[in-house]
Amino acid sequence: MVCMKNIPNIILEKKLLEYLEEDMPFGDVTGQFIPNTQVIAFLKAKESGIVCGLPYVKILMETLGISVKTLVEDGSRIEPGDILLEIQGNSVDIIVVERTVLNFLMRLSGIASQTRSLVERVKDAGLRIRIAGTRKTTPGFRFFEKYAIEMGGGDPHRWDLSDMVLIKENHIKTIGEDGLNDFLKNLHKRVSFSKKIEIEVENLSQLKKILPYNPDIIMLDDFSIEDIHKAVELIEKVNLKQKILLEVSGGITPENIQNYFIEGINILSLGFLTHSVKSLDFSLKINEILNTKG
Amino acid sequence: MVCMKNIPNIILEKKLLEYLEEDMPFGDVTGQFIPNTQVIAFLKAKESGIVCGLPYVKILMETLGISVKTLVEDGSRIEPGDILLEIQGNSVDIIVVERTVLNFLMRLSGIASQTRSLVERVKDAGLRIRIAGTRKTTPGFRFFEKYAIEMGGGDPHRWDLSDMVLIKENHIKTIGEDGLNDFLKNLHKRVSFSKKIEIEVENLSQLKKILPYNPDIIMLDDFSIEDIHKAVELIEKVNLKQKILLEVSGGITPENIQNYFIEGINILSLGFLTHSVKSLDFSLKINEILNTKG
Amino acid sequence: MVCMKNIPNIILEKKLLEYLEEDMPFGDVTGQFIPNTQVIAFLKAKESGIVCGLPYVKILMETLGISVKTLVEDGSRIEPGDILLEIQGNSVDIIVVERTVLNFLMRLSGIASQTRSLVERVKDAGLRIRIAGTRKTTPGFRFFEKYAIEMGGGDPHRWDLSDMVLIKENHIKTIGEDGLNDFLKNLHKRVSFSKKIEIEVENLSQLKKILPYNPDIIMLDDFSIEDIHKAVELIEKVNLKQKILLEVSGGITPENIQNYFIEGINILSLGFLTHSVKSLDFSLKINEILNTKG
Amino acid sequence: MVCMKNIPNIILEKKLLEYLEEDMPFGDVTGQFIPNTQVIAFLKAKESGIVCGLPYVKILMETLGISVKTLVEDGSRIEPGDILLEIQGNSVDIIVVERTVLNFLMRLSGIASQTRSLVERVKDAGLRIRIAGTRKTTPGFRFFEKYAIEMGGGDPHRWDLSDMVLIKENHIKTIGEDGLNDFLKNLHKRVSFSKKIEIEVENLSQLKKILPYNPDIIMLDDFSIEDIHKAVELIEKVNLKQKILLEVSGGITPENIQNYFIEGINILSLGFLTHSVKSLDFSLKINEILNTKG
Amino acid sequence: MVCMKNIPNIILEKKLLEYLEEDMPFGDVTGQFIPNTQVIAFLKAKESGIVCGLPYVKILMETLGISVKTLVEDGSRIEPGDILLEIQGNSVDIIVVERTVLNFLMRLSGIASQTRSLVERVKDAGLRIRIAGTRKTTPGFRFFEKYAIEMGGGDPHRWDLSDMVLIKENHIKTIGEDGLNDFLKNLHKRVSFSKKIEIEVENLSQLKKILPYNPDIIMLDDFSIEDIHKAVELIEKVNLKQKILLEVSGGITPENIQNYFIEGINILSLGFLTHSVKSLDFSLKINEILNTKG
Amino acid sequence: MVCMKNIPNIILEKKLLEYLEEDMPFGDVTGQFIPNTQVIAFLKAKESGIVCGLPYVKILMETLGISVKTLVEDGSRIEPGDILLEIQGNSVDIIVVERTVLNFLMRLSGIASQTRSLVERVKDAGLRIRIAGTRKTTPGFRFFEKYAIEMGGGDPHRWDLSDMVLIKENHIKTIGEDGLNDFLKNLHKRVSFSKKIEIEVENLSQLKKILPYNPDIIMLDDFSIEDIHKAVELIEKVNLKQKILLEVSGGITPENIQNYFIEGINILSLGFLTHSVKSLDFSLKINEILNTKG
């Protein structure tokens, strides 16, 4: 699975270097005093999980003239002690980039690992429900966090406010109950044919109200398990002659997700995947001094 | 405690708006179709903890012409249901900014809450140890994550590679054991008088070796509790006629931190504070439609 | 119809000011010598058509402290001599911004006018075909050109490569005829549920091949009118139990579009709308000197 | 004729990549699923005209690691079917860059073709009048549009407000008729010796008024053909002992330009060259799959 | 004399704030601990000279919400103790901006003062020679340094490589002596009519060679005083029927400039004005605490 | 001595190219007309002093594809006529970059030369006082100016407001005399352990007041020589059991610095080093035309 979204390296470099610059507004006041020689270093796993971010940190290190050999593909399962990258370059450059590389991998691998574990639980349950992310990402880091969800086997969901029409509680509040019918009747005409339309409902009565308007996707927000079952039934009836996808969201965590493994649900989306991540731990240690001039 | 680091609003706005732009490269394809009227909305806590980030989201919302009344100060303890911000503005603007505001507060408050809980445990133990962060922050978001540590009562530690001289394992590996004495002897002369010098050691023997070179701070990395006690003794002897600070780091978590409550330690630093944060949950709901033209 | 995509003014300002800066890297070497007094100026139409861009040039002028009163809404029909904006501000500022304002309006109004004329011809023909743009926009100016299509009553189509899955000739060439079936079979599983899938076909035989894979949209590229009729028939059969949209594209111009007014087509897309635009002409003249200090 | 203004590639790359980024805020959601292999592609002309922009799209493609062999020089006449560029690279990269490359060439070649056709009509008429552009360019794209005018054999005219002193109608209105003499008397002293001074006049009486002040260039704005002849006479008298250049502007189009082929005019400037361009059509098709790993 | 080049404040703010950001990558670690109250401060001169930069530092301070009352106009002569700006605002903001404001004024006023002193010496000598700058400016700060020359009464000369055609020694070396005649013969045809053409010569023989080609300006580079006199004579002969301006440059300093006060020279240009500036000293002191909440 | 602060070349390139872009917003209007051939050029010293900036201009030129061989290391003493760089590349590129390269070296070498001369005078006096810079740098150019101080053998002092706690006159004025004791008592607790704390005093009585609060550094601002001697005595007493560094600042110039060569002073800081620099002169001349195609 190749899934770097085809963004050219030279565009990614720019973004990645901004992260490095954050760490050295006026240079490295420690590293400037040490000898600059060619060294070999290893990036190793310290915990088991799914690794994510290797192609990006490779790009970042290569912009500094560091050679990087990737031993493991993004999205693979890793175990403590696994060597993931063999790194050769100037000591001062490797020391400069070390922390940014680790910060990058720690967070993305944490997200991918959590996602994968849920994806596998769905599969083990014999279901075809997608595990999806949300827009609850760290400000400024969404591209990479969504990518980590994909590496974990999840669905990134819409990227941003420009990406899909999704009518939520605050929209409906603004439209008003009275205006809602008119609004929904005209929506398909007003929205570009290139966009899907999803509507979020808070309860079964709202669901019944919006069903006739034929959205591409319906999201049940914070429904009880009982009501989800009722909603599945309602939608299945309608879906005999069309195909509305059903997304369930709100308060789903690794602890309670089992309850949501219900035939008829197409998507389970969890903010948890990005907003409450336990990082995976890695180390980047210089292993050998080649004693050639940097 | 006012602690926004005095960065002028107009500089912060620029950074904050970049986060908003990440969420709408080509505008809001849903919100463009709803009525644009003045509304009142509330930002509420959904969990208890320490709130952090309110001044920043206020600045962000104000750049969009939204009025924001802050009811609670950053760094305060909050409980579920607490109203934190009263918001008035155009419905379309509030819907546009909602997710960015929540993402911001969720993560920062998670960091502040975790930090505060550790700071209070130190205080309850009758100790004066500082709880410090590290550079293990989300790429691109360090300024705010360090700020959240401060709001939690912690010490941000050095901001970046330009901020303090800190000799670590990879430096020493590069210098080589043979060169280390010479390196340390000359270090004070070479480093600007404006910078503190910290040295990280991996074991007691290294500690003994570097003690005569009079660093401002010594960091014990991954020491056993037993060795920490021995290190404290060694340093106390030296400190009769000077004052080296003692930092302990490596694998400290909320679960095991109690073991590190040892007289003689000045700083406990934890990557955990920023790399494995559980977010705090908030909601931003439109409460009332004022029915005046947006 | 309010359709500025809800991008906050402060974000638009930044983009708009870049256009102004392009026109004055080191300031205005003529305007610096003239008296700076408050003046009133009028922006007037010199041709008839659909005006587009007024809200943006208003935002731009207001960042310079110029007051702008809008007399006509974006998307309205205008006639030569119509006053569109009443402008009051410092003479030197108005002279600085004049050309950028006019360049903006000229191009966007040209696009909107052309689009509207086609949209009305469709309506006059009693059809519900959408007139859509393409990605054939001026580099760096897409947001505004797509907006002008919407102001003209057209559909902007997908914004960019991140916006919808659209399989085209070069993709199919790369996949190879042999691999195509497998590729299409797996596509729905691999693509995020939030995205529509469109497939472009070059001939009827390709159309038949891809029909079973159930894309959301099919694009007929450079089809003869005769083949379009056959394609419509084929798709209508399939659409009895589902709903694939039909887009026709390739070489459509205002001159030949009448031939494409065929029941069963949902979308006609034209690069012509943005790549071969005749501008609409406007003037911005200072009308009165108020003789108060600038 | 090499005429890329000597801007270093690395500076151009930055600008060109911004155009590419506009087309893929979150990557290429289609191309990410196709096989990534080395392929050969051709860029071909689909219409006859003057090609312009090849060096720039070559630079852009090379930043993505694509090899580009240029078969035709910028500014050359091309015919339908001509192969202009031979391209080899990864399929996914070529697909990513295809649209941006085409958009670039389409517009610039349209401008160059139109300009060249007018330049040749001047030459055929046995005259030495320059065909010049204006500042009526697409916001954000002026550098390239002015370059296309030069490739067409035209004169780019001043680049921006910092580039030449040009007194126009709004300046004179602001100065007031009474102040004009004083203003013109002092102008040469106040303007840097490095700048030319041009004055635009609306009628013959204005022309007579400003002639004594010895501008480097005079622009006749919207003059009738008859009045242009009278103006030429007036200026020729003055030019016996100096050399004022004569520019004519306002409403000149390819349709009426023949009327302006008048001995004594030095420059004819047309907004038309950039604001109402018919694009030239090109195609970029993958021709061969090399089946080596991308 | 208003001479800020009409660049809108909002564009200048952006540039000015970059200078401020350079001084506080992570905020003000001192100022964050002091009380934040409204205060009054004064910006005072500590040396006599020509003040320059006041409008810019006013704009900068105002972006921070500080009120600034300007008591003296840019370009005025000031004496030690003169109050130039009355400043009121939050103590923390004034402390944040203090150094950037002073750095700005110090350098610009140094340049303006040196320029003015030379301009006045020319005037005292009863001559009309312009004192001009060069492109020998501090990287990144040219706009303001050229502005300071203008405030001192000097001529900024061309702004950059895009601003005027100036043939120098390295060009001629590249063209070769053999090609020079052809090059000069065709130059007027190839250069846009909107640009002046200047040629630099190293000796009298070169001067004679280029005289027939009718440049707008000739620069004598590093000529002896004797040769300058000869050059003036040669040019005066030619100028009976045209008007070539004469610029003299190379090694001119305040110490030796008197030697260059020669009738017939139009411009004396000195790198010295910007590359070897003695700053003017100012102070910005808080004068009164208003004890109202910041 | 390698002292480029380890900032990766690719980050430096970006900054350096901004300086180049400042000099060519729309390209090089002269160089575009000359032949483009491979040439060899030399960068030579025209004055004696300490060279500084060579690694940076090498990086800049290499981004343009120019080969640069460095014959002299940054920080070395140079004499008129010394060849510092051998340069080979396209004539048009070398001409484009020439001025930016020279501007860079001129200013930095001026700073390094001045610094070195003072450092050597200290050494000749048999003292170990550091010569330090200040924040009185050219806006936007601080990184390089501080680097030049280091190359001259000086201490850069704190880089910015984020870099060290330094209590100055305006802070104390804001705190008020009454609040000062409390402020100082709590300061150590509030400041991160990673920062040094310096306090500036205006007179001996202030010095006595702050001595008990144990700052890391004390700065005597504008003290008379006599008072400096008294201050040294006071601090020496305290320093028997701790080690406060003593910095002296205010009005120190190369002319009067000898008076400050006083045992007990640790640092002499001079704004003069960066705000009143005499540039060092260099030339960059094309030496040989290789007549191969550029």
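The chains carry the letters A, B, C, D, E and F, assigned in the order they are written, with residues numbered from 1 in each.
Everything that follows uses one rule, which is that a residue touches a chain if its C-beta (ideal position, glycine included) is under 8 Å from a C-beta of that chain, and two chains touch if they have at least 3 such contacts.
Everything quoted here is computed from the prediction, not taken from an experiment.
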Report back the single chain whose CA centre is most distant from the CA centre of subunit E. A
In terms of CA centroid distance, which chain is the most far removed from subunit F? C
From the C-alpha centre of subunit B to that of subunit E, how far is it in Å? 45
Cα centroid separation, subunit E vs subunit F, in Å, comes to 23
On subunit F, where are the residues touching two or more other chains? 24-29, 31, 95-96, 159-160, 162-164, 192, 195
Mind listing the subunit A positions that touch subunit B in their complex? 18-19, 22-31, 33-35, 37, 39, 41, 91, 94-96, 98-100, 102-104, 106-107, 110, 135-142, 144, 160-171, 173-176, 179, 183, 187, 190-192, 195, 271, 275-279, 284-286, 289
Inside the complex, what are the residues of subunit B that reach subunit E? 2-11, 14, 143, 146, 159-160
For subunit B, which residues are in contact with subunit F within the complex? 130, 132, 155-159, 162-164, 192-196, 198, 217, 241-243, 245, 247, 266-267
Touching subunit F in the complex: which residues of subunit A? 13, 17, 20-21, 24-29, 31-32, 36, 63-65, 92-93, 95-97
